[in-house]
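This is the structure, below, for whatever I ask next.
Order as written gives the chain letters A, B, C and D; numbering starts at 1 within each chain.
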Amino acid sequence: MLKKIKRPVSKLEAFRKRVYVIIYGIDTRAGKAFDIGLLIAILLSVFTIMLETVEGVNQVFHQELTILEWVFTILFTLEFALRIFVSDKPFKYIFSFYGLIDFLSILPMFLSVFIIGSQVLTSLRILRLLRLFRVLRLMEFMEESSKLKLALLASRAKIMVFLYTVLIISVLIGTLMYYVEGPDNGFTSIPRSVFYTIVTLTTVGYGDMVPSTAIGQFLSMVLMVTGYGIIAVPTGIVGAEMVKGAARGREKGRRQVQNNDLHLLNGLVCPHCGKDDHREDADYCYHCGYQLHDENAGADPDKK
Amino acid sequence: MLKKIKRPVSKLEAFRKRVYVIIYGIDTRAGKAFDIGLLIAILLSVFTIMLETVEGVNQVFHQELTILEWVFTILFTLEFALRIFVSDKPFKYIFSFYGLIDFLSILPMFLSVFIIGSQVLTSLRILRLLRLFRVLRLMEFMEESSKLKLALLASRAKIMVFLYTVLIISVLIGTLMYYVEGPDNGFTSIPRSVFYTIVTLTTVGYGDMVPSTAIGQFLSMVLMVTGYGIIAVPTGIVGAEMVKGAARGREKGRRQVQNNDLHLLNGLVCPHCGKDDHREDADYCYHCGYQLHDENAGADPDKK
Amino acid sequence: MLKKIKRPVSKLEAFRKRVYVIIYGIDTRAGKAFDIGLLIAILLSVFTIMLETVEGVNQVFHQELTILEWVFTILFTLEFALRIFVSDKPFKYIFSFYGLIDFLSILPMFLSVFIIGSQVLTSLRILRLLRLFRVLRLMEFMEESSKLKLALLASRAKIMVFLYTVLIISVLIGTLMYYVEGPDNGFTSIPRSVFYTIVTLTTVGYGDMVPSTAIGQFLSMVLMVTGYGIIAVPTGIVGAEMVKGAARGREKGRRQVQNNDLHLLNGLVCPHCGKDDHREDADYCYHCGYQLHDENAGADPDKK
Amino acid sequence: MLKKIKRPVSKLEAFRKRVYVIIYGIDTRAGKAFDIGLLIAILLSVFTIMLETVEGVNQVFHQELTILEWVFTILFTLEFALRIFVSDKPFKYIFSFYGLIDFLSILPMFLSVFIIGSQVLTSLRILRLLRLFRVLRLMEFMEESSKLKLALLASRAKIMVFLYTVLIISVLIGTLMYYVEGPDNGFTSIPRSVFYTIVTLTTVGYGDMVPSTAIGQFLSMVLMVTGYGIIAVPTGIVGAEMVKGAARGREKGRRQVQNNDLHLLNGLVCPHCGKDDHREDADYCYHCGYQLHDENAGADPDKK
């Protein structure tokens, strides 16, 4: 390998560069094709793992599935090797989050050759699904995704307070339910009662545990109506955050300024009368008619 | 048929025109009556099909239901024939979405005469329910419907990202649940576990599968609370979109001008360069700097 | 009775007036006390009816409950008689919505004396719960209640379109589920399948019917995620409507004008510079400092 | 104890002061450490109580759990004593809400020495979870928490009206379901039917009671769709309230001034009459007509 690198440096380097762009890039057509191919391979591989656990399918197609597993393992191993080979700092990749996932997803199959029973670990490959988040880059969804993330982050503290309250209430009422219903009615322990409380409060309602006493039923009704009502809280939080986010986004688009001087040059504040809040594409101040932009100015970073 | 068309062209043409307006139009009283009649016929026909599958009812009223089926089939066949006859481009109708549905909904009954067992296909007539979306045109709901569609379309990308994330999480946690609970507790395969995960995350909670192990119960509680909490995300998305949509609508409503002259007088359109969409309190055109309002003008009805 | 009315007209009339104010009014202390007493009587009477159906309770306290029933019946009969006696147009009351409810709630008990078995009808008294909506007048909730009603009315058309779509989808997918799962898996008829579909789509999830086939489970998962996602739609509709309602409310409070001249007098538009959009309680124009209200002016209908 | 206080007053006082700051304060490092320690102790103690009710665990680790209980009891007793000792008005603490909880959480364990069976009361210690709300002070969540509280308080009346309506509907339809389904189908009494109605309306759906008759199923479908639809109401209420709250917050944040002089310079508070809350672009005080801005003033940092 060292030899290879030494001799046709320029050629090999060029190849590495090219492969690098394909594997890590998303702007070229080849890069996109690679990502889509990877996406499909991951989905198929996950599908294979899932089918293997379905008894009927596994009995009939055991051999085919095993072959498929090996095919995917080899494919992913190749990809893994390429990523290391191509990367300038291979160790940084290997010990990165996705590097570890990639490694964990090929390891079990090789182990299964030596250690019987380790095949169970092949399900680790399902972790590769996380890579799908990566592939999002491909799509138009990226911006939306980050908007969602922002809204969730902004309302994180509020949601934490909400969950904190919900959990404390669940434990308190769960304990109460334990003493009200008792082990004879299926509420065998406080943890199980808390499980019931959460099942009820979140309106999941499995129905495996159901209150039998009048007080327990009354408490449960209160719980249900509470759960039904307070779902409004996280919803309201995120909704308000997204409305704000949209408003902020509009405002930002209007007045995003990195540099104060630039700010004035951009005409966001009328240099003549000091008014701001102009339309994004305004050329003249709406208040005094002053020409905001020098018509000869280059690309306006604020214009969209 | 050719003969018919050739001889009394004008009369037949007039008839066709009249029927065309009735069948395809919605503005005349006859057209509305036709649509409402069709609506009722479809609902009754669907009701008949549903009743036929109820054993008790079918045993007692088998003959009546069969007669009804034939009545509806003949009615719909007549309608189908009329639509073709009346249409200027019959093939365009036949191969349109609704044309195919109309055809599929009458075909099975005729087939059942020749082929025994094909009567099962009569349920295809239920597809006619889709026509009900068509009948929406009749109602005041049309505008609301398109507003809803707009809000959903605008938030499509965000909702896709949300569902994408939900599905990946479901598969990952479903796999985990499979290994935590195992086939002995009803989690017989990964697909079934994923089914359970989705049943729990969406707060449906059938209760046909319930975790038995402590870890499984803990995981499920996390799932429930997550599902209960992140419902806020799509809700917030659509809500924000509708608030935005309403704001847009209001703004438009405010600026929408029935009369162009009035419009110009209002200064909403710059009389110099023709741009509109000025700030409400703009005195000068943002585009050309033209003074929009005569400072001495009286009350500006658009200023708020 | 005629005699009574003829002789001491003035006294009786005065009594009638006084009772009228108590029964129909809500502004006097006696009127409020009457309404609260009625509220409690209705709740206790409903509670009695509910307890009667609980077997254990009924066996032990049968006699007590029967006595209570008669007490409530007599009370409500007295109230009914008083309402008729006091009203100027008794027939208008008798044939009004609440009049019929009041009548239906006392009738069955009297019938039960003559006709055995008619006691079952006593549950009709539960309809009296509807009177509770009336008692709302008492409370501060009234305004909030009408705001809610407005928001719901405003979004009625949108919610109808939503439910319409949900129902059509439910019938279509319910039919599909019937053919996919079949009677052997509990999907015994299309109506039952539609029941299952709605149970799933609304995230209720009883679990009495659960798909057994792979396709059925897949379809159900799609249903659940759909149901989980489109709950956002009505929520977004009402939420947007309430945000709008709040905005409208604010705007109205700011500028509610019955009369244009009054408008100017109110100082909502500065008579000096023509600016409006002042604070509600502004005494001076924010723009030119002109004194808006004549300090000696009487009650300002716009001030809140 | 009296002796102690009398002799080394200054020293003891100093100690008391120091401990007071640690126990009741949150600003010092020691105070924070104490609160976090308490938080952990409470959680562990609650966890112990929960484990004790799990039969398998209790059988194996009975002794260890009892020891742990005593450890926590002694710890909390010490804390309780310290709080009393350190407080200037010990009785005010003892009879405060948290004082009673602290007392109730240590009492049962001591009682259990004398009275057999009173150990059941140890679960009262779970009430200490309520203290966790106190510890919130520690965290950044405090402000968010109060924002949430404000939004909920503001929409309290609307939510009450909503729940009121939901409950009346539940009782009415529950009664109807009782007569439609009857005791043979599990609807043994009206209270149980109301329980079913609420289980359905809130989309919990245990599935322990399921309608068997066609009418009952139809009614249930209506209930489900209603419950699915009207969840939008509380959600819309709280959401609208939070959007309003955010708007108010933004406005305040914009006007909030750390420095009073700056405040006056900004003209946010009228220097003449002291009123604030002017329009953003106000030039004159709305209350006294005083000219707020010196027209020659430079860029106004609060103007946007």
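Just so we're on the same page, a residue touches a chain if its C-beta (ideal position, glycine included) is under 8 Å from a C-beta of that chain, and two chains touch if they have at least 3 such contacts.
Nothing here was measured: the structure is a model prediction, and the numbers come from that model.
Interface equivalence for A-D, evaluated over B-D, A-B or A-C, points to A-B, where over half of the contact pairs coincide by residue number.
Interface subunit B/subunit D: over half of the residue numbers present appear on both copies, so the contact uses mostly the same residues.
If you average the CA atoms of subunit C and of subunit D, the two centres end up 30 Å from each other.
Rounded to whole angstrom, the centroid-to-centroid distance between subunit A and subunit C, based on C-alpha atoms, equals 43 Å.
Distance from the subunit B centre to the subunit C centre is 30 Å, each centre being the mean of its Cα atoms. Looking at subunit C, one finds that residues 162, 191, 194, 203-207, 227, 231, 235-237, 239-240, 243, 277 touch two or more other chains. Subunit A contributes residues 203-207, 235, 239, 243 to its touches with subunit C in the complex.
The part of subunit D that touches subunit C in the complex is made up of residues 157-158, 160-162, 164-165, 168, 171-172, 175, 178-179, 188-191, 194, 200, 203-207, 210, 214, 217, 220-221, 224-225, 227-229, 231-233, 235-237, 239-240, 243-244, 277-279, 281-291. Touching subunit D in their complex are the following residues of subunit C: 46, 49-51, 53-55, 120, 123, 126-127, 129-130, 132-133, 136, 140-141, 144-145, 147-148, 151-152, 159, 162-163, 166-167, 191-192, 194-195, 198-199, 201-208, 227, 231, 234-243, 245-246, 277-279, 281-291.
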